[in-house]
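Going in written order, the chains are labelled A, B, C, D, E, F, G and H, and every chain counts its residues from 1.
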Amino acid sequence: MDSHWDYVNGLLEQDGELREKIREQVADLDKKARDMAGILDKIHSTPSKSTSRVTPLLDAVRPILHNCHETSAALAAIVPPNQFWRWKDMWSHSIRTVVYAAALAEYLANGSLISLERTSETLGIKEEWKDRFCIAVEDYLHGLITMVNELSRLAVNSVTLGDYEAPIEISLFAKNLFAGFTKLNLKNDLLRRRFDSLKYDLKKIEEVVYDVKLRKLTAPRS
Amino acid sequence: MAYQDMFDEFKKEFDVQNDRRESLIKASRDITSLSKKVIFLLHRIMNEDAQDPSAQSKRASESGMAKLREVRAIYAKIKVELQSDLFWRHHRAISPCLQEYVEAISFAWYLGHSTLVSFNQVQQELSDENGVPFFPLPLEDYLCGLSDLTGELMRLAISGIARRGGRDRARKICVIVRECKTELDKCAPHVREVRKKQAVAAESLAKIEDAVYATVIRTSEYDLSDEILDCIISRSI
Amino acid sequence: MDSHWDYVNGLLEQDGELREKIREQVADLDKKARDMAGILDKIHSTPSKSTSRVTPLLDAVRPILHNCHETSAALAAIVPPNQFWRWKDMWSHSIRTVVYAAALAEYLANGSLISLERTSETLGIKEEWKDRFCIAVEDYLHGLITMVNELSRLAVNSVTLGDYEAPIEISLFAKNLFAGFTKLNLKNDLLRRRFDSLKYDLKKIEEVVYDVKLRKLTAPRS
Amino acid sequence: MAYQDMFDEFKKEFDVQNDRRESLIKASRDITSLSKKVIFLLHRIMNEDAQDPSAQSKRASESGMAKLREVRAIYAKIKVELQSDLFWRHHRAISPCLQEYVEAISFAWYLGHSTLVSFNQVQQELSDENGVPFFPLPLEDYLCGLSDLTGELMRLAISGIARRGGRDRARKICVIVRECKTELDKCAPHVREVRKKQAVAAESLAKIEDAVYATVIRTSEYDLSDEILDCIISRSI
Amino acid sequence: MDSHWDYVNGLLEQDGELREKIREQVADLDKKARDMAGILDKIHSTPSKSTSRVTPLLDAVRPILHNCHETSAALAAIVPPNQFWRWKDMWSHSIRTVVYAAALAEYLANGSLISLERTSETLGIKEEWKDRFCIAVEDYLHGLITMVNELSRLAVNSVTLGDYEAPIEISLFAKNLFAGFTKLNLKNDLLRRRFDSLKYDLKKIEEVVYDVKLRKLTAPRS
Amino acid sequence: MDSHWDYVNGLLEQDGELREKIREQVADLDKKARDMAGILDKIHSTPSKSTSRVTPLLDAVRPILHNCHETSAALAAIVPPNQFWRWKDMWSHSIRTVVYAAALAEYLANGSLISLERTSETLGIKEEWKDRFCIAVEDYLHGLITMVNELSRLAVNSVTLGDYEAPIEISLFAKNLFAGFTKLNLKNDLLRRRFDSLKYDLKKIEEVVYDVKLRKLTAPRS
Amino acid sequence: MDSHWDYVNGLLEQDGELREKIREQVADLDKKARDMAGILDKIHSTPSKSTSRVTPLLDAVRPILHNCHETSAALAAIVPPNQFWRWKDMWSHSIRTVVYAAALAEYLANGSLISLERTSETLGIKEEWKDRFCIAVEDYLHGLITMVNELSRLAVNSVTLGDYEAPIEISLFAKNLFAGFTKLNLKNDLLRRRFDSLKYDLKKIEEVVYDVKLRKLTAPRS
Amino acid sequence: MDSHWDYVNGLLEQDGELREKIREQVADLDKKARDMAGILDKIHSTPSKSTSRVTPLLDAVRPILHNCHETSAALAAIVPPNQFWRWKDMWSHSIRTVVYAAALAEYLANGSLISLERTSETLGIKEEWKDRFCIAVEDYLHGLITMVNELSRLAVNSVTLGDYEAPIEISLFAKNLFAGFTKLNLKNDLLRRRFDSLKYDLKKIEEVVYDVKLRKLTAPRS
C-alpha cells in the first residue's frame, strides 16, 4: 500500500520539479521578450524606416533573438517527450511576445511577413523537438496580431515625424495580412476577439492613409 | 483562569487595531479627496488663457504644491499611527490615498519641472523637517500613482492643444508619457496593481499620439511655422 | 404579528404603485424627448443657422417643449414631498435629452446659453416643487454636453453646406461653456467621463476653425 | 459673463454635497462599527453560564439597548445633514449603517421581547424626544436588517443549544426565523437587496432546523423530560 | 414510472439530435456568410462604385446569396413547426452577416436600401415558413448597421483611391438610414448599443464629405 | 422609404405592447406562485402528512392552482401563434414555482409523482396551445428539483415534530425520482448544476432515515 | 503568400476535424460512464456487501468496463502522437467517472484499492499509447475521491439496512486511503479542494462507526 | 532619467530576491507543518490519550517542532525590520498548521492550552524579532480552531475505541476555549467564519458527552 502511494507521490513530485525548472527558463524567456518589446517600442519615436535610423533598433533586437536559441534548447531538454501540450501554457504569453518581436523585426528589415517556419528558425527551434518545444499556430497568430496593433500606432507616429510614405506601405502589408486572417476558420475564442481588434487597426491605418492622400502629402510639393 | 486573561488581552489588541484602522481609513479618504481637488486645480489653472505658457505652468505647480502641504500635514498627524511595524500592518487602509497623493504631486511636479518626480523626492515630501520619513513609501504605490498620472497628462495635452504653445506641450507630454509607459511595462510583471492599470495608460498614450498626429496633419498643407500658426489662430478663436 | 407583515406589505405595495405611476409619466416624457431629438437632428442637413432655414425646426420643437409642462406637473404631483432624489434615476435619461433640446433650441434662436433656471421655466417646473421634481445640476450639465457633441458635428456640416461663419461662433460659445465646466470638482463618474469627451469636441471645432481661417475662406474680423 | 457665475454656484454646490457625503460616510462607518460591537456584546452575554435563562436574555437586551443609545446620539448629530430632500440624496452613503443598526436593535429587541421589532418601533428609536423622526427609515433597510438578523439568531441558537434551556430557545428561534424567512420571501420580489440576502437566510434557517432536529434525535432514545436532561447534562459538562 | 422517465428523456434526446442537425446547417450558412464578407471586403481596394469595377464583386457574391436558398430550405425542413424562436440564436450571427452582404450588394448595385421582404426573397425564404425559419426584425437591423460600419470605411477608402463623389452619395444614403433608425423604439439592448455606433459612422462620413468639400475636390453640383 | 421604416417600427411596437401585456399576466402568475409557495412553507411546522393536518394546506393550495387556469388561458390568448419560445423566458421562473407547488401537493395528497401531462391539466393548459403556452420539459424538471429540495427539509422537520415514518416514505420517493433523473441526458448547464444539488438532498434524507432506523424509532417502543 | 495562409488554415482545419472525432468517442465514453454510475448507485439500496447481493451489480458493471477497451483503442487511434495533453481535458470528466466505477467495483469485490496500473489494464489502455491516451494521475485521484464520497453514503445506508459491519470495514479502508492522500504534495487547486471534502467523508464514516459501537450493534471483535 | 528608472528597477529586484528567499524558507516550514499534521492524524486511531499510546506520537512531533527554530531564525534574518506585516501572508497558512501541531501536542501531553508566548518559545521565536517574525494573534487563533476541529473528531473516535473519559475532558477544555473566543469582536473575515464553525465542533463534542452520560457508561463525578 505504502509503495503505491510513494509511486503516486513520486509522479506528482517529478511534475513539481519539472514545473520549477520550466518556470526558471520561462522567466528567462520572458525577460528577453520584454527587453525586445522595450527596444521595439522606440520605433514610435524613430519611425523613418526607409533610412538608416531603424538599423540600430534591429541591431539591438537581433542578438537577443539569437540568444533565444539557448532558451529554446534548454526548454526542449527539460520538457519530457510528448509533453509539449502539457506545459505550453506556461510560456505562451512570452513566446507570443517573442513572435511579435521577430515578426516586427522582419517587417522593418524587409517589409515582408515572417512565416511560422522562419520564426521557428529564428528562435533556433528544431523540427525534431515538436513533441517538446515548438511554436503552436495560435501563438504565432497572436504574435502577428500584436504586430499589427503596433503597426497602426506606427502609421500614426510616422506621420508625426514627417514620414508620409510609411503609412502607405503599412496599409498594404496590413491589408494583406488581414485578408489572410479572414480566410482562417478561427474556433479559439480569444483569437477571434483579437481578430476583431485587427479591424480597428486596419481602419485606423486606412484613415491615416486617407489623411496623407487627401492632402497629397506623398507627392512632391510644388 | 490564566488564559481568559490572554483572551482579554487579545480583545484589547483587536479593538485597538480596529479603531486605528477605522481612523486611518477616514484620514485616507480626506487625503484622497484633497489630492483630487489639487488635480482639478492644476487643470483649472492650465485651462486659463495665458500669454506666457511657461509662467502659467510654474504658477500652477506652485499653487498645487502649496495645497499639497495641507495633505502633508495630515500625513504628519497620522504618522504616530503608522510607526514601526504598524505601517505595513495597515498599509491596505492607506494605499489608495498614497496613490492619489503621488498622482497629484507628480502632476504638480511635472508642471514645474517638466520631469517625473522621483521616488526619493516623494519620500522626502513625506518626511518631517529633519528629513525623517513619516513612514516608508511603498514602491507599488509610487508606481501606481505614476501610471495614473499618464491619464492626467493626457487630459492636459488634449485640452490645451489648440492654445498658444499647446502643440509643443502635447509633443513633450507624448515623449514623457511614452517613456513612462515603456518603463512601467517593465515593472508591471513585478507589481500586480500596476499591471491592471497599464491598459488605461496605453490608451492615454494612444490618445496623445493621435492628438499630436492631428496637429501635424492639420498644418501639413501650409508652409507656416508654429509661431505664425499660433498667431493666426489666437487671433481668430 | 400578521398585522406587522401586513403593514410592511402595504408599504411595499404603495411604493410599487408610485413607481408604476412615475413610469407612465416617464414613458411620456421620453417620447417627447426622442421626438425633439429627431427633429433637431435635421439641423445637420439645414445648417445655415443665421438664415430663416432654422426657423421651421424651432417651430416644431417649441410646442413639444411647452407640452412638457403637463408632464412636469404630473410628476410633481405624484412624487411625495422630499423624495426627489429617491426617484430621479427613473427620468434622468429623458430629462437630459429634454435639457439638450431646450439648450440647442436656445442656442439656435439666440446664440446664448440657456441657464438652469430658464430651462426649468421652459419646462414649466416651479421653484416650489424642488423637493419633488426639478432639474438636478448633473442632469442639466449632461444636457449641455450633449448639445456640444452635436455642435461639433454642426461645425463640420456647416462648412460642408457653405456656411463658414457658423464654426467660429460655435467655437466661441463652446470655449466659454468649457471654461465653466473646468471650474467643477467632479467625482469619477459618468459626468467626469463625458466632460473628458467634451475636450475632443472642442478640439474638433477648433480644427474646423483652423481649416476655415487658414484657407482664408472667411473675411478677417475687424 | 453671467453664466460663469452660474458655474461658480455649481462648483460650490458640488463641493458642499461632496463634503457632506464624505462626513456622512464617516459617521456611517462609526455607526456600523458600534452596531457590530453591540451584536458581539449580546452574544457574549448570552454565552455566559446562567441559572435563569430568561433573566439572562433580559440583561443582554437591556445592555444592548443601552449601548445602542450611543448610536442614536450619532444619528441625532447627523440629522441636520439629512434634512428634507438631503436624506434621499445621500441615502446610499448611510444605507449600510442603517441596515447594521436594524440588525443590532432587532437582535436586542428579540432577546427582550421574543418578537421581531416592528418597522415603527425602529423608526421611533430614530426620532427625537418629541417623536419627530430624524429622517425617514427606508423600508428596504429595515427589511435587509431583519434578513441579516436571521444569521445572528442562528448563531444564538447553535451556540446555546447545549445549555440549560437552550433546546427550548432553539425551537422558538426556529419558529420565528421560519416566519421571518417566509415573509421576507414575499417581500423579496420588490426589494432587490433583500433578494440577494435571502439565500443566506435560507441557509441559516436550515442550520437551525438541523440543530433542533439533532436535539430531538439525541434524546429520542430516552424517556426523559427536557428538565431532567438539562439537569443531567449541566452536572456533567 | 419508468415509462414516464423514458418519455421525458425521449423529449430531451430529440432536442439533442435536432440541435446537432441545425448545427450542421448553420456551419454551412456561416461558411457562406464568411465567404461573402471576404469578397465584399475587397470593395475597400476597389472603391469606384460608379464604374464597372464593382461588377466582378457583385458577380462573385450573387451566386453565393442564391446558394443560401438551399440552406434556408434545409433549416425550414429541420426546425419543427412553431420552434423558430427556440433555435434562432444558433444562426443569428450568421444570418446577420448574410443580411449585411445582401444589403451591401443592393446598395452597390442600385444605391438603394434593401427591405426586409426583399432580403427574405433574396435568400429564398418563404412566407409560410415563418414559424420555422425567417429573418427576425432584429437580425435584419443588425445586418443594416454592419453595412453602415463598412460604408464609413468605404467613404474613407474611396477618397484615398481618388473617388471624391462616393462619400457624398454614401453620406446621403447613411443619413436617411440613420433618420429611419431614429424613429425606432429600440428596446433591445445590444441593438441600442450598436445604434450608438451608427452615430460614429455617420460623423466619420460627414467629416470625409467636409474634407472633400473644403478642398473643392468634387465637380461643382448644378 | 418612410413607409418602410413605419413598417419596421410597427413590428417593434407590436412586440413592445405584447411584452407589456405578457408582463401583466406574468405578474399575476407570479403572485399565485408565491402565494402557494408561502402556504406550502407551513408544511415544515405541520409535518404529520399521514394525519388530517396536511389537509388544510392542500385545501388552501388547490383553489389557487385552479385559478391558474385563467392565467394560462389569458397567456394562450395573448401570445401569437408560434411564439411560445420567444416569450417563455418571461414566465419560466414563475411556472417553475407553480410546477413545484403542484408536484408537492400531489406528493402530499397521494405520495406519487406528478407527470408533465398531469401538471398541464392541473393548470388548465390545453394541448392545442402548445405553440403559444405550455410547460417546457426543463421547467417541469426544475419544479421537481425544487420539490426535492423542500422534501429534504421536510424529512428533518418531520422528525423534529415526532413523525418518524415520513422520512422513510420521502426517502423512497426521492430515491426513485433521483434514479429517474440519472437516466436523463441533461445538456442544459443550469439543470445539470441543480441536479448535482439533488445528490445533497438525497444524502441528507438518507442520513435522517439512518438516524431513525439506528435508534429503531419507527418500531413501537417498549 | 496565399499558400502560407492555406498552410496555416490547413493546420487549424485539421484540429477542428480532430476535435469533432474526439467529441464523438468522448460522447460514447461518457454514456458508458453514466451507465456504470447509475448501476453502482443501486449499492445504496443493496448494501450488504459481504453477501451475494453485490454480485449482480458487479456482473452488470464489468462488461461495460470491458467495453471501454474499444473506446480506449479508438481514442488512441485518433489522437495524434504526442498530443495527449492537448486533448485530455475533453475526456477528463468522463474518465474520472470510469476510474470511480473501476475503483468501487474493485473495493466491492475484493475490499482493496485499485492501483493506477490496474485501472489502465481494466480499461484496456496500453502502456505504449502514453503519448496519446492514458490516465493522468490527477484523473485517477479524482476517481478515488469520488469513490470515498460514495463510500460515506454507503456507510450510512448499510446501517439503515441493518448491516453494522460494513461501516467498520469502510472506515478502515477510507482511513488508509486518506493517510495515503495526506502524503501527497498536491499543487492542483481543484484536487486540493476535493481532498478537503475527503475529510468530511471520513468524519461522517467515523461518526457512523461511533453510533454503531456506542450501541454495541456489532458482533464483538476477537 | 535613466538612473531614475534604474533605481526603481533596483528596488524591485531587491524585493523580488527577498520574496524568493522567503519562499524557500516557507516551503521548508510548510513541509514540517504537513509532516506534523500527518503524524498527529494518527491520534484518531490511537485515541487513548491517558495511556502511553500517545507518547510515540508526541515523540515524533517534538523534534520537528524543535527543528522549526532554524526556520524561524532564518525568516527573522531575512525579513527587514518592521516589515513583518508586509510578508506574513506568505507563511500564514503554514504557521497556522504549526501552531495547531504545537497546541495539540500540548493538550495531549498536559491537557492544557498552550499560550501564544509558549508557542513562540516552542518554535524558537524571540521577542526581539517581533517586527520581523512572530506569530500574529490571528494565526495563533486559527491554529487553536484547527485543534478544536480535530478534538471533536477525537471525541467521537475515543468512544469508538472504548475511551469514555476523553470526551468529557475534551468538552471542558473546548468550552473554556470557546468562552475565550466569545470575548473577541471579530471582523467579518475568515476568522469569524471559522469561529462560527467552532460552535458546531462544540455541539458535536457535547452530543458525544450526552451519549456517554446518558448511557451511564462513565462513573458519576464525585
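Convention: a residue touches a chain if its C-beta (ideal position, glycine included) is under 8 Å from a C-beta of that chain, and two chains touch if they have at least 3 such contacts.
By chain, with names taken from UniProt: A, C, E, F, G, H = Translin.
These numbers were taken from a predicted model, which means no experiment stands behind them.
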{"item": "Where subunit D and subunit G overlap in contact partners, by chain label", "value": "F, H"}
{"item": "Which of C-D and B-C has more C-beta pairs touching across its chains", "value": "C-D"}
{"item": "Superposing rotation of subunit C relative to subunit G, computed on C-alpha atoms, to nearest 5°", "value": "180"}
{"item": "Centroid distance [mean C-alpha coordinates] between subunit G and subunit A, Å", "value": "42"}
{"item": "Centroid distance [mean C-alpha coordinates] between subunit E and subunit D, Å", "value": "57"}
{"item": "Centroid distance [mean C-alpha coordinates] between subunit G and subunit F, Å", "value": "34"}
{"item": "Per-residue overlap in subunit A, given as positions that touch at least 2 other chains", "value": "183"}
{"item": "Junction residues of subunit D, two or more chains touched", "value": "18, 186, 221"}
{"item": "Which pairs of chains touch, using the document's own definition", "value": "A-B, A-E, A-G, B-C, B-D, B-H, C-D, C-E, D-F, D-H, E-F, F-G, G-H"}
{"item": "Parts of subunit A lying in touch with subunit G, wherever the complex brings them together", "value": "1, 4-9, 11-13, 15-16, 19, 81-87, 113, 115-116, 130-131, 137, 140-141, 176, 180, 183-187"}
{"item": "Footprint of subunit E on subunit C - complex, ascending", "value": "34, 37-38, 41, 44-45, 153, 156-157, 159-160, 208, 211, 215"}
{"item": "Footprint of subunit H on subunit D - complex, ascending", "value": "36-37, 40, 43-44, 47, 155, 158-159, 161-162, 211, 214, 218, 221-222, 224, 229, 232-233, 235-237"}
{"item": "Of all residues in subunit F, those that touch subunit G in their complex", "value": "175, 178-179, 182-183, 203, 206-207, 209-210, 213-214"}
{"item": "Residues of subunit D defined as touching subunit B within the complex", "value": "18, 22, 25-26, 29-30, 33"}
